[in-house]
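So the structure is just underneath, and the comments pick up after that.
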Amino acid sequence: MMPERSCTAGTYTTAELLAVMASRALSDGLIVFAGVGTPLLAATLAQRLHAPGLTILFEGGVIGPFIVPGELPPSTNEQRCTRHANMVCPITDVLLLLQRGYVDVGFLGGAQIDRYGNLNSSFIGDPDHPKTRLPGTGGGNDIASLSHVMVVMKHEKRRFVEQVEFITSPGYLRGGTTRRDAGLLAGGPQLIITDLAELGFHPETKRMQIQALHPGVSIEHVQANTGFVLDIAGDVRVTDKPSERELHVLRQLDPDRLYIA
Amino acid sequence: MTAYERLRAETTERDRSLREKVMSLDEAARLVQPGAHVALGGCMMSRTPMAMLWALVRAGRRDLTFSRSIVSSDGDIIFASGLGRKIITSWFSQGIVWGVSRVMRHWVETGRAEFEEWSHMSMGLRFRAGAMGIPFMPIRSMMGSDVHSRVSAQTHPMTCPFTGEPLVLVPALTPDVALIHVQRCDPYGNAQLDGLQFMDIDLPMAAKRVIVTTERIVSNERIRRTPDQTKFPFFTVDAVVEVPYGCAPHECYGQYEPFFKHMDMFAEMTRQDPERGSQEYLERFFHEPPSWNHALERMGLQDLLTATRGGRSIHDA
Amino acid sequence: MTAYERLRAETTERDRSLREKVMSLDEAARLVQPGAHVALGGCMMSRTPMAMLWALVRAGRRDLTFSRSIVSSDGDIIFASGLGRKIITSWFSQGIVWGVSRVMRHWVETGRAEFEEWSHMSMGLRFRAGAMGIPFMPIRSMMGSDVHSRVSAQTHPMTCPFTGEPLVLVPALTPDVALIHVQRCDPYGNAQLDGLQFMDIDLPMAAKRVIVTTERIVSNERIRRTPDQTKFPFFTVDAVVEVPYGCAPHECYGQYEPFFKHMDMFAEMTRQDPERGSQEYLERFFHEPPSWNHALERMGLQDLLTATRGGRSIHDA
Amino acid sequence: MMPERSCTAGTYTTAELLAVMASRALSDGLIVFAGVGTPLLAATLAQRLHAPGLTILFEGGVIGPFIVPGELPPSTNEQRCTRHANMVCPITDVLLLLQRGYVDVGFLGGAQIDRYGNLNSSFIGDPDHPKTRLPGTGGGNDIASLSHVMVVMKHEKRRFVEQVEFITSPGYLRGGTTRRDAGLLAGGPQLIITDLAELGFHPETKRMQIQALHPGVSIEHVQANTGFVLDIAGDVRVTDKPSERELHVLRQLDPDRLYIA
């Protein structure tokens, strides 16, 4: 049953678009290390739609929680995120699952990303005299260093930059083999989902490229909202708009519209 | 004498006998020496040893160094009160829903305090290495990032002699004191904690002194009936203080959730003018109340009951 | 491709989805490949996965390599049956009260089987390194001893780059399969074990496959009510087999103590002629009984009830 | 209340003598890593007599058990040794207490010891073609490598040898600074208690020396039962014979005479 104040099925918010598109990228049986907000919402939506055997991990030390509609946790470190979990364990041990290789997807939100998928959530300006000190890595650096990463974020010029000022969570560093050369033998960014498009990385150059466009969005529009020149994949798909069923289930999960407003 | 021999000597000197060590917040605060490195248990808004921080601020401690897995408004209070000037952690902000902490930003951006950033797993493994009595732990993350390059003077790169693989060695953390809040503990210091454990199994073993605050002091007989629920042993502990709601306005698993309205208020108070706002907050909730219970009274019974209902609901899960 | 990349690839290939994996002992036995390195959970006479060993002997597996913290009569059975020809452990004998195992002595002293000896902490830290996804763990013991010199080709000495202290690096153990017996487990493999944990938190994370035998299969709903009691998660587990008294004649904490009379009998049977005695034992208790329950029947209801009374008495403590 | 079949207070068995002498060496407040048998018995006796704040650790992962008269455990790895414990933990973590430096005394029984306190519990004869394969180190090597060790054993020529064939648990290796030179920065054997005497080690040479004689035992008698020439400390004490109280409490702990017969 949908709360009255939710918008009609025909239209949807940016947050709803991101959640639906991200959920489609999560296939059944995966183990997903998820942050709060859209990542958690999208993973839970995938469980409800097509991936009942998908497992969510939370940084606070939570394995396989089962999110109940209307009970979305506000963070991954408080008791609310342990609801119906299969296991809770020390933080260090849930993070070690990344190093041991048990995690299929590290699912992050992004503040600032660059051409090679490096993420910055630490500093704006000179780190020694920052214009803005941001909260930092948390487990982001470990997730990005040790697993295949999926990122959801708003597509804005100030967020998509040629080169981040500070690499908090490593992508492909300077492209090519530089990630592996730096000592990172596994993982790397796979998919960037924005409100405009889906972007991946070229197998050799590791440069970011447009893979798919959301309905009604042009390559020019994506480029216009990106701070560097994007490559374009051989065949650029156009995604299907969120279905009534996807939106219906999503809105049931977040009746208070904490994350989908 | 090597670093390990010093650590051994310091440990040997401690009174590790089976003895009662129940005391007041004020008495426990005296165990924290000037200049100490203080590790905080819990994570973010959960099982934060807030009452102990309250006592340290009131005891006039200043310029300490702190370490914790993730820091929330406790970090804001540490900077704003002058209790600490450096915090070693992986993430520092009141909480995602409140945006980036203005107090943290103000103190760090004006250069009056330092936020040293390590990856979350690195923090955990640095504590674990300290707990294990080894000088470092090899890890496979951090490499190639600026998070690493900013602290690389403290680490060592290594090529694995077994596999030829690149590794980073992160140094053990052996804090002078660890402050840990638990749900129950006996008078000797045998601590049992429910639910999320965070880094609180390794912290007491890594630290050179441990102060435990607990929602309840239970009998040693009760502890001995379920020894497999004890998370760290009495001989790591130097002080046991019974402090109901000792994490307020943060949460204690199964007991109470964060006092969300109070957290909203803190964010509101510090948004416009982080400096004045935080000083007002410290006056009202740290300096004016003559006891921790009075501080709770200031937070308000309504918020406390709401948090309690939420906390207890975990048992219906 | 480095060792780590192979380990990652093997882990990625596993079906780690939330799925039921309940099967019989025979079906589970098929998951153990010829030539495999098999790690055994429990320690000495406690939580030994005896029923699973019983199934492997009957399945005709031979010449496997085993590892365990401490080995008791399970090791005698492994050697005598030909199931394994090499055991990596820290201590190997039926038990102090029965003197040095004649079966172990016979097979080792005649060169037909190998007992590779590591210190107990080294065994534990080798499993822990495997569980953590790192290639080694630095330790401060073993140095200067012949226990070390006999395996030093497998270790590396190191001078700590932080402290200049001498260390030994012991290599991670990543067994092909781990066999672990617990008190309760759900159909997905979420395992909860009471009391002594031994090395059974690290083992499932270190191994590439895990077979869990359990006194009881409980519902996933029950597990989710106390997630902080789950000791290892479902996605590390490949098979769940319900086997009441699955450790007999060894013990399972809180359920049953060792079948002491039976252990006396085993020692007696193997004292004079370890070879013939152990073959007689295998005939009576491994080959002739058509099922594990029939093997228990052979052990005798009186011994089973005595062991059960003793096991349950822990809860009066 | 003493069971009738126990011997009279005036006389005592060798096992009783060892247990009483060892208990006297354990002062209050110590943390003692104890094996089963005489070590456990002596530590428990000390708790009852003069060291109520003494803590026992068992290798199976047991911290501070409280042994009840008549309930002496048969090993340190089964549930019986968890009775009234303050904590049980993984084996690896209880052994790590040794490395972290929390243990005051590692209390071992010995099969074979040499002039420098090295212990052998692994092989008799050539390790590659052993005459006898013994059970091995267990935690013995870790205890001897990382803590100050106290050993109780019967005083026999075949057990006290010039040089053990195999060093399972390191003492002072070849004497002098060789233990430290090998990389062992802490611990080392402190006291060897036998049914004839108490022996220690010379501060510089680390050679074994007689420190005390039990009542009625001569230095010649000790030497005659030792496979090498013992040094003799400056002042050799004579120990007090077990008191009625000591024997009384000891016999209450082990009414079935499992370990004191």
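Which chain is which? They are A, B, C and D, in the order written, and residues in each are numbered from 1.
FYI, a contact is a pair of C-beta atoms (placed from the backbone, for glycine too) under 8 Å apart; a residue touches a chain by one contact, two chains touch by 3 or more.
The structure displayed is predicted, hence computed values, not measured ones.
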Co-neighbours of subunit B and subunit D resolve to C
A student comparing A-C to C-D should find more C-beta pairs in contact for C-D
Per the C-alpha centroid definition, the whole-Å distance linking subunit A and subunit C comes out as 40
Here the gap between subunit B and subunit C, centre to centre from mean Cα coordinates and rounded to Å, is 37
In whole angstrom, the CA-centroid distance of subunit C from subunit D equals 29
When centres are defined as mean Cα positions, the distance from subunit A to subunit D in whole Å is 59
For subunit C, residue numbers touching 2 or more other chains are 2, 4, 133-134, 139-140, 165, 167, 195-197, 224, 228, 317
Each of the following residues of subunit A touches two or more other chains, namely 62, 82, 84, 88-89, 96, 99, 185-186
Each pair of chains that touches is included here, namely A-B, A-C, B-C, B-D, C-D
The answer for subunit C against subunit A in the complex is residues 2, 4-5, 7-8, 11-12, 15-19, 131-134, 188, 190, 205, 220, 223-224, 227-228, 230, 232-236
In the complex, subunit B touches subunit A at residues 43-46, 69-70, 89-93, 95-97, 100-101, 104-105, 108-109, 111, 115, 117-122, 124-125, 127-128, 139-147, 150, 157, 165-168, 195-202, 251, 253-254, 257-258, 311, 314, 317
Contacts from subunit B onto subunit C in the complex sit at residues 2-4, 133-140, 156, 158, 160-165, 167, 169, 171, 194-197, 224-225, 228, 317
Counting only contacts in the complex, subunit D reaches subunit B at residues 28-31, 52-55, 62-64, 66, 82, 84-89, 96, 99-102, 104, 185-186
Residue set of subunit D touching subunit C in the complex reads 36-37, 59-62, 74-75, 77-80, 82-84, 88-92, 95-96, 98-99, 122, 127, 129-142, 145-146, 166-170, 173, 178-179, 182-186
